[in-house]
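Per-chain residue numbering starts at 1, and chain names A, B, C, D, E and F are given in the order in which the chains are listed.
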C-alpha cells in the first residue's frame, strides 16, 4: 500500500507544505521534466527521490546518491509496484 | 501483464509532456502490457485539432499519435471537454470521439490510470 | 466496483478545472463505482455558499454541485487546513462535506485504486 | 484621451477572463479612449477557433467578440503563436491574422498595454 | 511613477514572497476574479487593496475598510493614473 | 523609442512560455524599441548552460537565446535571489546577464513604459 507521487515542475509551482503532509514514508516521489532541475528542493518531500534519467540529463542535471535515476521501463514498473499514482 | 489507461491534460504546445506520454506508452507495450485507451481531457483535447503542423526541428506530434494509433491503441477525444473548448470534433483523424462514460468504464476495468500533464 | 478519488486543487473560476472534476465525479457515480471527491487548497472555495457567477455572465455551476446529493454522491471531503486558510466553516458550504485532517486524507488516498487530479 | 492595446493570454475555457477583457474594453470606449488592438497570444489564440459554440447558459463568447469587432476594434490573431498551437488560421472570422511585428508596432505607439490572463 | 499590480488568483498561486519584494509603497494592488476570495491573505502585499467590486460580490465577498471597491470605469482610470501595469 | 520589459517566471519547458517571451523580445529589438528581458523564479533555469532538449526530441531553443547577442539585445537581467534558489552562478549562464537584487529589479520596472509578463 503505497502511492507514487509524480512532479513535473520546480517545487515552487506547488503548494509544497500542504502536499508534504500527504506523502507517507513508504510512498515514492518521482521527478520528471522541469522538476528535475531542483532535486535538492524536493528533499523535503522524501529522503530518496526517483528521477527520470533522460529528463535530468537533457537539463544538464546529475543524479547522485541517495537519489536514483530511472528509465521508462523502470517508470512503468514503478506504477505497477505502487497502489496508485497522483500526478500533481 | 497489466492493463493501463493513460490521460493527457495539457495542450499540444506542451511538447515535453507529449513526448513523455508517448515514451511511457511505448515502454508499456514493449513490456507486454496493454493500453486500453489514451484519453484527451482538459486542454489535452487540442491535440485532436487537424492543423497541428510544426516545423521540422520541433517535436513531430502528429507522427507520435499516428504511431500509437498503428499500435492499435484506442485514442479517445472527450466530446464534452472538446465542445466546451471550441474544438471542431467533425474531423478528429486518428482519434475516436467518445463520451466521459465510455472512458470511465474503460478506466474502471484497467489496473492502472496514469495522468500526464 | 473500484474506489476512485477525484482531487481538486484549483480555485473556482480557474479555467474549467472544478467543472471538469464535477463531470468526472458524476460519471463515475453514474456507472456505479465508489467515487469520492476531495477539495483541497483554493478548491474548497468552490463549495462556498451564495456565489452568483451569473451576475458576471458566467454559468452558475454551483447548482450542479448541489445535485451531487440527488445522485447519491456522498463521499465529499474537504481539507480541514484549507478551510481555515480561506476562513470557511463546514457550515458555510453548500453541500454536506466531511472535513479531513492530513492523516485522514492520506488514509483516504491509500484506500483508492485510482486518484485523478483535475 | 488615451490609446490602449489589450492582450488575451488564456484559452476560451477561461470564461471569467474573457468577460473581464470585454468589460474593460467596453469601459475604455465609453470613456472616449481608443483601443488600437486586442491581441490573442499564448493560449488566447484558441479564441479564433471557428467552432466555439457554447450552451445558452454559458458565456456567449462569440457574441462578445462580434460586438468588439463591430465597435471597430482591430482583433489580431498572432500567426506565430497560432501555428505553434495547431490552430487553423484559414478562417479566423472576426479576427485578423498578423505577425508579432505588427502588434509590437501598435503596442509601441499605444499609451497603455493591459494584459488579461 | 507607480506600478499597478493585477492579481486574478488566490495568493497561493504566486511566488508571493518574491513578488512582495517588487511592490513599492506607492504602487497599487488590484484584485480581480478568484483573487477576491482571499483579500486578507493579500494584505502582505499592500496596506490598502483595490478590489473589482462585481467580481467580489459574485463570489459573496464583502469589501471593507481600508480596502476599496472599484468598477470598470475606475479600473480603466487606474491604468491611466499608474505608469505601467503588471498582470501577474 | 519606448522602454519595454519582458518578464519571465516560468520554468524552461513549461508549455511555450519562455519561447513566447523570446519571440516578443526579438521583435521589439527588431523594431528598435528599448527592450529588456528579466528572468525571475524558475525562469532563470532557461539560461542554464549545456542543456540538450534535442535528446528528448524537443527543439533546442537555447541556441536562439544565444542569438540575442547577435541582435544586440543587451539588457538581459536575472533575479539574484532566484539564481541562489536554483544553485546557479552568473558564470553558469549561456549569455551575459546582469544579476539584480530586488531593489534594482523594482527600479528597472519603474523605468518602463510597458511590462509584459509572459
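Descriptive notes on the structure:
Here, contacts are C-beta pairs under 8 Å (C-beta built on N, C-alpha and C of every residue); 3 or more make two chains touch, one makes a residue touch a chain.
On a predicted model such as this, the values are computed, not experimentally measured, just so you know.
Shared contact partners of chain B and chain D comprise C, F. Traced through touching neighbours, the fewest hops from chain A to chain E number 2.
Ranking every chain by how far its Cα centroid lies from the centroid of chain E, the top place goes to B. Taking each chain's centre as the mean of its CA atoms, A is the chain most distant from chain D. Of the two chain pairs considered here, A-F and C-D, the higher C-beta contact count falls to A-F.
The geometric centre of chain A is 23 Å away from that of chain B, both derived from CA atoms.
Computed centre separation for the pair chain B/chain E is 39 angstrom, with centres defined by C-alpha atoms. Put simply, the C-alpha centre of chain C and that of chain E have 27 angstrom between them. Those residues of chain A in touch with two or more other chains are numbered 12, 15, 33-34, 55, 84-85, 87. In chain B, the residues that touch at least two other chains are 11, 13, 16, 84, 112-113, 115. Shown for chain F are the residues that touch two or more other chains, namely 13-16, 41, 56, 58, 114, 117. Across the assembly, chains come into contact as A-B, A-C, A-F, B-C, B-D, B-F, C-D, C-E, D-E, D-F, E-F. For chain A in complex with chain F, the residues that touch the partner chain are 9-10, 12-13, 33-34, 37-38, 40-41, 54-55, 57-60. Taken together, the chain C residues at the contact with chain B in this complex read 2, 4, 15-17, 19-20, 23-24, 27-28, 30-31, 33, 114, 116-118. Listed in rising order, the residues of chain E touching chain F in the complex are 1, 3, 15, 18, 21-22, 24, 83-88.
Of all residues in chain B, only 10-11, 13-16, 19, 55, 57-60 touch chain F in the complex they form.
Partner chain B is touched in their complex by these residues of chain A: 6, 8, 32-34, 52, 55, 72-73, 75-77, 79-80, 84-85, 87.
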